[in-house]
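Take a look at the structures listed below.
In the two complexes that follow, chain A is the common piece, with chain B as its partner first and chain C second.
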Partner chain A sequence: MIEVDRAGRSFTVGRGSARRTVHAVRDLSFTVGAGEFVGYLGPNGAGKSTTIKMLTGVLAPTSGRLRVAGLDPTRRRTALARRIGVVFGQRTTLWWDLPLKDSFQLIRYLYKVDRIDFRRRLDELAGLLDLGSFMDTPVRQLSLGQRMRGDVTAALLHDPAVLVLDEPTIGLDVVSKAAMRDFLRRLNAERGTTVLLTTHDLGDIEKLCRRVMLIDHGRLGFDGTLDELRATGPDGDSLEEVVARLYTGSAPGTPAPP
Partner chain B sequence: MEDVFLLYARIAAYGFRRHSAYRAAALAGAFTNSVFGILRAYVLIALWQARPGLAGYDVTDAVTFCFLSQAFIGPMQVFGGGLQLAGRVRSGDVAVDLLRPASLQLWSLADDLGRAAYLFLLRSLPPTFLGAALFGIVVPAGPAAWAAFAASFTLGVLVSFALRYLTALSCFWIVDDQGVQSLSLVLTLFLSGMVLPLNLFPGWFGELTRTLPWAAMVQVPADVYLGKRDVLEALAFQISWAAALLALGALATRAARRKVVVQGG
Partner chain C sequence: MVRTYLLLAWTWLRASAQYPVSLAMMVLGSFAVNALDVAAIWIIFQHTGSLGGFGLAEVMFLYGTADMSFALADTLFGNVDRLSHHIRSGSFDTMLIRPASAFVQMATDRFSVHRFGRLAQSAVVLGIALPRLGLPWERTWMVPLMIACGVVIFAAIFTLGGALQFLLTDAPEVANAFTYGGSALTQYPLSVYGEQLVRGVTFVVPLAFVNWQPALYVLDRPDPLGLPYWLRFAAPLAALLLALAAALAWRAGIRRYRSTGS
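For the complex of A and B:
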C-alpha cells in the first residue's frame, strides 16, 4: 500500500556564505502492506513530518521514489488525495468559523462523496466518535478533543484505503485518548484501513501498532515488531527507555557537507 | 465540470457565511469608511470649487468618486489582506490546504468572492447611501449602465484578489511578508485612485498610472459608474489585467508547490 524506495529530501537553507543543504530524509526505504498498522517513531527533527509530506504529495522528494495506494504522490496528488486520509494533530482541516457539520458538507463536495454514502458514513462516524452534541458548534468553540474527533471524521468521510496520522492524540486527556485509540483499532481491524501513525506517545504505539519503524537523522534506524523493538533493550526496560536509548544511541552522523 | 462549479460556489457561499461571523467588525468598517468619506468629500469639494472641471469631473462627479472609492475599500480590500493564506503559509497550516484535491488559487478566489459579497452589503452600501443623502451623487441612468458597473466592479474585485493572492504567496519564499504588504499597500493606495483620482496625475506619470493593474481596482469601476469611460474598452482593460495576474498566480502556485519548504514540523 505504501512503497518508499531510497527516497530523500534535502532543503537549501540560509543565504550567502551561510547557505547549506540540510538532508531532512535520506535514502529511506520501506514498504507497508494493506491492512497494516504501523507506528512511525523518531525524535523531533528526525524527518517524520517530511516523510508524511512526501507520502501525501505535499512535498516532492529530491531523490528516490514513492508509491502510495498505487500512485506517485507528487504526480498524482489529486487522485491520491481521494484515496488517503490525513490527520495533522497540530493543525486542522476544519473551517474555523463554521459549524462542524458545514465542514463535513464542504468535504463531501471536495472529495465528491456520493450523498447516500456520505450520510451513512457520517452517521456511523458520528456514532463511533460521539460527535452528536457538537455538530452545530463552530469549530473555534470546540475543545481540543472534540476538534480532533472532528478532524479524524473529516479524514475518513471519503472512505480512504490509507490513513496517515501525525500525532493524533497530542494534547488529549486520558479519556479522549483512550476513545481515539479504541476507534483507530476498530477502524483497522474491521475496515482493514491501512494506518501509518506518527506519535511521541508510546502508549499509542503499545496499544495500537504491531509494527514499529524508527527514523533518525533522516534514515530508518529500526523496523520490526513491537516485541523485537523491546528486545533491543535489556529485560524489564520500559518501552520508553528502549526508545530513548535508540534515539540517543543511533550515532548522530554529522550533517552532510553541502 | 458541473461538480467543480458547485464545489467552488459552495466555497464562495461559505466564505460569505464565514465573514458574517464578524458582523461587528464589518459594521465598524462601514462607519469608518463613511466618516472618512465625508472628510474626503469636503476636501474634494474645496479643490473642485477652486479648480472646476479638474480631471474632467464636476463637483458632483468628484464627490461621487469619493464615496464610491470609500465603498470599494471593503470588497476590494484596498488596504490589503483579506486572505487567510498568508498566515497559513507562515504557520505551516497551508500543508493542509495543499493536501486537498482542489486548486489553491481557485479555492482562495471562491472564498474571497464570498467575502467580497458580504462586505459589499455591509461596507459598500452604507457609505454610498450616506454620500447620496448628504451631498447628492451621480446615479447611473438605466439598466445597461448599472450592468456595466456591476461587471466592472466584479472585475475590480478579481484584480484585487489576484494582486493580494500574489502578495500572500510571497510568504512561501520570504519568511515575513510585512515588507511586501506595506509596499503593496502604498502602491494600491496611490495607483488605484484611492487617494486621488488618477485623472489628476499629469503627463507620462498619469498615463503610466492609468495603464497599471491597480487602476482596474478603483479608477476604472468609478469611471464606468460615472459614465466617463467607454464601457467595452474599460472592461477589456480589466479583463486583461485579471487574466494576466491570475495566470501569474497559477504559475507562482505551481512553483510554490514544487520548491518550497512548508514551515514547521
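For the complex of A and C:
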C-alpha cells in the first residue's frame, strides 16, 4: 500500500554564509501492506511530518522514490488524493469560515462521492464521532476535540484505502483521546483501512499499533512489532524508557549527535 | 475546473453572506476609492484640453477598459497573490491534499461580493465614455476582445506574482508592485509616459496590450511612437504567451514548494 524506497528530502536554509542544508529525511525505506496499522515515532524535528508530506504529494522528495496506493505522490497528486485520507493534527484541512456541514458538502463534490454513499457514510461517521451537536458551527468556533473529529470525518468521507495521520491526538483531553483511539482501532479492524499514524503519545502506540517505526535525525532507527521494540531494552523498562534510549542512540540523556 | 471554481466561489459567497452589513460597506468603500481615480482624471481635464493627445472621453475609455479588465481579473484570480500568506500559515499544504487544482482553490478562497465593487465602477465609467465616443460599429468588436485579453494578461500577472512567492515567501510586495503598478499604468494614455517605458510595456511586460494598442485601433489613432500597425491586433497573442509563461511558472513553483517546518 505504501512503498518508500531510499527517499530523502533536504532543505537549504539561511542566507549568505549562514546557508546550509538540512536533511529532514535521508535514505528512508519501508513498506506498509494493506490493512496494517503502523505507528511512526520520533522526537521533534525527526522528519515525521516531512515523510507524511512526501507520502501525500505535498513535498517532492529530493532523492529516492515513493508509491502510495499504487501512485507516485508528486506526479499524481490529485489522483492520489482520492485514494488517501490525510489528517494534520496541528492544522485543519477544513474550511475555517464554513460551517462543518458545508465543508463536508464541498468534500463530497471535490472527491466526487456518490450522494447515497455520502449520506450513509456521513451518518455513520457522525454517529461514531458524535458530531451531531456542532454540524452547523463554523470550523473556527469548534473546540480542538470537535475540530479533530470533524477533520477525521472529512478525511474518511470518500472511503480511502489509506489513512495518514500526523499527530491526531495532540492537545486532546483524555476522553477525546480515548474516543479517537477507539474509532481508529475499529476503522482498521472492521473496514481494513491501512493506517499510518505519527504521535508523541506512547499510549496511542500501545493501544493501537501492531507495528512501530522509529525515526531520528531523518533516518529509520527501528522497524518492528511493539513486542520487538520492548525487547530492545532490558526487562522491566517502560516503553517510554525504551523509546528514549533509541532516540538518542545510546543511554538516555546523551545529547543527540549534530 | 470551471465547475470546481463556481462551486467553491459560491460556497464562500454564501458563507460571507452571513455578514451583509460589512459586505455592503466594503462594496461601497471600494467603489468610492476608485471613484477618486475618475475624479482625478476629470480634474486634470479642467486644466488642460487633452492628456497625451487624447480627449476626456477617450481617456475615460482607456481608463474604463483597463479598469474593467483589472477588476475582472482581480475578482476571479486576484487572491492568488496571497499565496505567501497561505504558505506561512500552512493552509497551502491542505489545499495540496485535496483532489482539486490548488490554483482554483487559491483563486476562490474567501470569495466575497466586495470583489465586485471595482467592477461596478469600471462599468459606470465605460457606460459614460462609450456613448460619447460615437464609435463606428465596424470597430466596436474590438472592445469586448480587448477587455478579455486584458483579463488574461492581468490574471497571468497575478499568477506570476503568486508563483514568485513560492521562492520569496516573505516578499509578496514585489509581486504586488507589478499587478497594482500595472493597473495604475494602464489607466492613462501610454503617450504620457517616456518612450523607453512604452517599449518596455509593449515588448517585455505586455501591458500595452491590455488597452493601449487595441484602443488605438478602436479610436482610429496613429501610434504616437510609430510602432507597426499590426500590433493593434496582437493582444490575443500577447495574452496567450503571457498566460503560458504564468502557467509554467506556477507549475514550477508547485514542484519546488517546500512547505514550512512542522
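Here is the rule we go by: the second predicted complex is superposed on the first by the 249 of 258 C-alpha atoms of A that agree within 3 Å, B and C clash if a C-alpha of one lies under 4 Å from a C-alpha of the other, contacts with A are read in each partner's own complex, and residues count from 1 in each chain.
Everything below uses one rule, namely that contacts are C-beta pairs under 8 Å (C-beta built on N, C-alpha and C of every residue); 3 or more make two chains touch, one makes a residue touch a chain.
A quick note: this is a predicted structure, and the numbers were derived from the prediction, not measured.
With chain A as the common reference, the superposed partners chain B and chain C clash. In the superposition on chain A, A:V86 contacts both chain B and chain C.
Under the contact criterion defined above, the residues of chain A that touch both chain B in one complex and chain C in the other are 11, 49, 53, 56-60, 77-79, 81-82, 86, 88, 90-93, 95, 97-98, 102, 105-106, 109-111, 138. By the touch criterion given at the top, residues 11, 13, 49, 53, 56-60, 77-79, 81-82, 86, 88, 90-93, 95, 97-98, 102, 105-106, 109-112, 138 of chain A touch chain B in their complex.
Residues 3, 6-7, 10-11, 14, 17-18, 21, 92-93, 95-96, 98-102, 258, 261-262, 265 of chain B are the ones that touch chain A when the two sit in their complex. Residues of chain C that touch chain A in their complex: 4, 7-8, 11-12, 14-16, 89-91, 93-94, 96-101, 110, 255-259, 261-262. Interface residues of chain A facing chain C in the complex, by the touch rule stated above, are 11, 44-45, 49, 53, 56-60, 74, 77-79, 81-82, 86, 88, 90-93, 95-99, 102, 105-107, 109-111, 138.
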